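Two complexes come next, and they have one chain in common, chain A, joined by chain B in the first and chain C in the second.
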Partner chain A sequence: MSRDDMVEIFRRVLETDSVSVDSDFFASGGDSLLGTRVLSAVARAEGVELSFEDLIEAPTPAALADRVASVTR
Partner chain B sequence: MADIVSALLEVARSCPENRAVEYGGHGISYAELVRKVRATARELGPAPGPVGVLTDRSPATVVALLGVLAAGGTYCPVDPAFPAARQRALLEAAGCAKVLVARPGTPVPEGWEPVELPGLLSLPDEEHPGPPAPEAADAQAPAYTLFTSGSTGRPKPVLTPRGAIAASVASLRELFALTPADRVLQFASLNWDTCLEEILPALTTGATLVFHDEAYTGSIPRLLRAVDAAGVTLLDLPTAFWHELVRHLAQSEEQLPDSVRTVVIGGEAAGPARLAEWRALATDRVRLINTYGCTETTLITHAVDLHGPGAPGPGAWWGEHGVPIGKPLPHVTEAIGPDGELSIAGPALATGYRNLPEVTAERFVLREGPHGPVRWFRTGDRVSRRPDGHLVHEGRLDAEIKVRGIRVDPGEIETHLSAHPEVGVAAVVGTRTADRTTVTAYVVPRRADADAAALVREVLRDLRATVPGHLVPHRVTVVPELVHTAGGKIDRLGTHRLHTPAAAAPARTEHHNGPTEQDNR
Partner chain C sequence: MSVVVVGAGIAGLTAAAELAGRGVDVQVLEARDRVGGRTRGIEIAPGGWADAGAAYLGERHTALLELMARHDLKTVPTVMEGDSRFDVRGAASAQSVPGRFPPLSGVALGELFDLLDEVTRSVRVDAPWLGPDAARLDSLTAAEWADTNLRHPDSRLFFPLFLGEMMAAAPADVSVLHMAFYLRSGGGLRYLNAFAGGAQEWRIDGGAHRLSEALAAGLGDRVRLSEPVTAVEQDDTGATVRSASGTTRADAVIIALPPVLADRIDFTPELPARRSGERTGPGCAVKVHLIHPSPLWREQGLSGWSVSADGPLLSTVDDSPADGSAGVLTGFVTGEEARRFAALSADEQRATAIAQAGRLFPDLPEPIGFHVTDWVNDPYSRGCYAALFGPGDWLALGPGLTRPHGRVHWAGTETSTEFFGLMEGAIRSGRRAAAEAAARP
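Moving on, here comes the complex of A and B:
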């Protein structure tokens, strides 16, 4: 999953186009409930079942995409 | 009405070897649970007063809860993930002299000494002498203290008597049709009252309460796997989380595990779109129970089967007049005022707000009945009655909103925002967008030349350090001024419309089922 794919997921979940690869999920209106949508979208696309902790530690599209890559590699 | 502790002891006498609690695949029998509860009660001593418990997602919290009750004390759960200042405010407001720590090593707020319970979960198996006779417990004595949001910024402690919890739990055992074969997932946050709907009906039936680490990861696929692996039969979910579960099931190939026979939801309005999706999934064999209640009226007061074998006929469709919150449970008396406000009477009413006689008198009122004065709780919720008798929630009489199922007075967030040295005034609104509430704060800086982006970052950082996550707005917008009403009061909705012209309609305030929360962010 590319960083741009992850930006797309963030944009869809946060319902805003003002998301870049370095936008912080929680500073962009995200919370734990919206977080489940990101985790579900990643699980459906990549089969990787991240946790909310992963999103807290990697809250940007770039960081989260890297985390997915590190799991699938 | 049997006291909760008596009911537990009775179950432990009749089926001592049943598994009471399960965690990480390990089981604790009812006999063992009662031994641990007695040991905890003995450690606390008789009538210990309000006891703060720093909770943990483990059976130790259940032992602490029941141990405090067995000793005749008042249970007061505190989330150790809350900022320290908030933990202190809660312990002070509840009047806790003692603090129990569910997970060894959890730091205790300054000024309190933790009650040490070494080896809480590895006590020797020999019989211990019993706790003070709980059978003699006074139904009016306080059982627990939980908090609701108050505009002053200080949490409002609700005192719930033992008789209220006994009455409510008896109705819930019946509503859930629990049997000793049931396996109830512990999912709700341990720091609000929804978890008591999971814990107490199960443990006074002889059923098993299941803790499972994979259920708390925030990942729905992992939750579904945990439910399947543990053979969970009853799930009690905040409605906002159920919305996300339905979305996931509708968009993926996954299914609700076969073991699940009942899903209980509550905390805010169930969305008709998600309910339609749920009906379209293979869920006909699963009871979907919608519930309503306030912390002040103890757990659940109203319920209705929305779908599944308990729903009133396959023709019942709830989309037309709004999804109902149902009819009162057997222990509940309801009344609807001329303005549509729902009032509740009966044995499940709280005693009031601790040390707040004026606020208590405002919400707990005496009304003359045919057999003398009756005490009622004014819920602040507006309801209507459908032709079939089920109530529908229509909104709030005040500005209260629900954030992830937790009641929030916007005034409380405004108070915290205004405490920031760079903030002049603030207005907070909740807006409802597809199944959820988004909280937006408008702040006016003290200095006209303030750097807006920097101020937003600073305000959010400070809030996260001092208050729980449900009091942190999703969005903070710096504006030059707020809108005021003709009477000079801050006009929250007017401010919202002026500064977010394309804004979605303000939150149709939702009904609540006692606070629940999923996280501390």
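Moving on, here comes the complex of A and C:
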């Protein structure tokens, strides 16, 4: 999953286009409920089960895409 | 022009105040010996108040904020800093977790919220009985929906807790249409669920009951307490409202009651359709207040927020007064648990709630005060937060929700498709009903 794919997921969940690869999910209007929807979208796209802590530790599309890559590699 | 308003909750008092402001001769008949309906203050320390009923608001609640500003009422932010306590893994194994997210599968909960979001968006919020899939969604209970759609044990565990918190319902109590409508009407899943940036951003300083008290003060002796209304008779020249002390005559009547209570009034001529159905149930909420000298949990790095898979206290939240006069942990007992808890004796209620609070917050001393407010069996509310529409209800009741019956107009949060079940919905319904009554020829 590319960083741009992850940006798309963030945009869809946050319902805003103002998300870049370095946007922080929680500073962009995300909360725990919406965060779970990023996790389910990633699971659907990649078959990877990230935890909520993964999103807290890697809250940007860039960091979260890297985390997915590190799991699937 | 004269109007009788039945019910001195927020909806009725809003309607009455609007009409009085237009020079209408208005009388409010209230069954209880207090105003406020499903808001009620309990004094938990000298000058310190807790909300025994409706409590929270957010920035989208514009009518409420405007009314508060007019009556010089301030907001208090809900405080949620520190770790949460979760007991969702069975065997009473409470654990501390940073933030508000329970120690359950994030992916499973995400799938649950995806499904809920999808069905929520599919309803027509201004007229849920008319949406494209309305008939099917109205025929299914949320329990049946969950049974079909939720596969993961964590989403099956969390769904009833979520529904209890959002709308004081057990999944078997409500149709899928009502669940989806309610979530949409309140601003969607995220907004309705959130404290900061959501529908629980603030409380009303000094208690939500102060709004009704301020409205009632402006109406003076036009508000008549202990006057349960039994009948409304209409003829060619007006309406006669029968209540405890006699009859009151008016050009129009506004019924500002929950639907089940509206149906207990005898109307002549009869209503063309009932206001509630066989499956319309009471909102199932019992509120428990555990009082401490101060918010001691904050010193322990805890927010006071907890979620438990087993009752009675399915969630707790820090509702301490802003002035520091006391520490208040509010326990929410909702859905099935509310019915079970409400049936216990006062001693049993106290013992089970305090025992559970002791497991959730083992470092807290026993509370110095304890209050239980049972809305399920309250004869003049018949449930809280709001009436629960079961299977079949929306298709049968929706078309008549706000349709006047001759000189009779309808208010109450259950008649507002905007913010249904909330204080905001009550105010909007009161304004609408007042405008209708004032516009009568």
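Operating definition for what follows: the second predicted complex is superposed on the first by the 73 of 73 C-alpha atoms of A that agree within 3 Å, B and C clash if a C-alpha of one lies under 4 Å from a C-alpha of the other, contacts with A are read in each partner's own complex, and residues count from 1 in each chain.
The working rule: contacts are C-beta pairs under 8 Å (C-beta built on N, C-alpha and C of every residue); 3 or more make two chains touch, one makes a residue touch a chain.
Source: prediction; values computed, not measured.
S.K.: Quick one: classify A:A43 as touching chain B (first), chain C (second), both or neither.
M.R.: A:A43 contacts both chain B and chain C.
S.K.: Name the contact category of A:V19: first (chain B only), second (chain C only), both, or neither.
M.R.: The answer is neither, since A:V19 touches no partner chain.
S.K.: Classify the contacts of A:A63 with the two partner chains as first (chain B alone), second (chain C alone), both, or neither.
M.R.: So A:A63 meets neither chain B nor chain C here.
S.K.: Taking the superposition on A as described, I'd like to know which of chain B and chain C A:M1 touches: first, second, both or neither.
M.R.: Once the two structures are laid over each other on A, A:M1 reaches no partner at all.
S.K.: Quick one: classify A:A27 as touching chain B (first), chain C (second), both or neither.
M.R.: Once the two structures are laid over each other on A, A:A27 reaches chain B alone.
S.K.: For chain A, which residues belong to both interfaces, chain B and chain C?
M.R.: Common to the two interfaces on chain A: residues 29, 31-37, 39-40, 43, 49-52, 55-56.
S.K.: If we count contacts the way the header does, which residues on chain B are in touch with chain A in the complex?
M.R.: Residues 217-222, 240-241, 244, 247-248, 251-252, 404, 433, 436, 438, 457, 460, 469, 474-475, 518-519, 521 of chain B touch chain A in their complex.
S.K.: Inside the complex, what are the residues of chain A that reach chain B?
M.R.: 15, 26-27, 29-37, 39-40, 43-44, 49-53, 55-56
S.K.: Along chain C, where are the residues that touch chain A in the complex?
M.R.: So the residues of chain C in touch with chain A come to 99-101, 105-107, 109-114, 117, 189-190, 193-194, 196-197.
S.K.: Which stretch or stretches of chain A touch chain C in the complex?
M.R.: It comes out as residues 29, 31-43, 49-52, 55-56.
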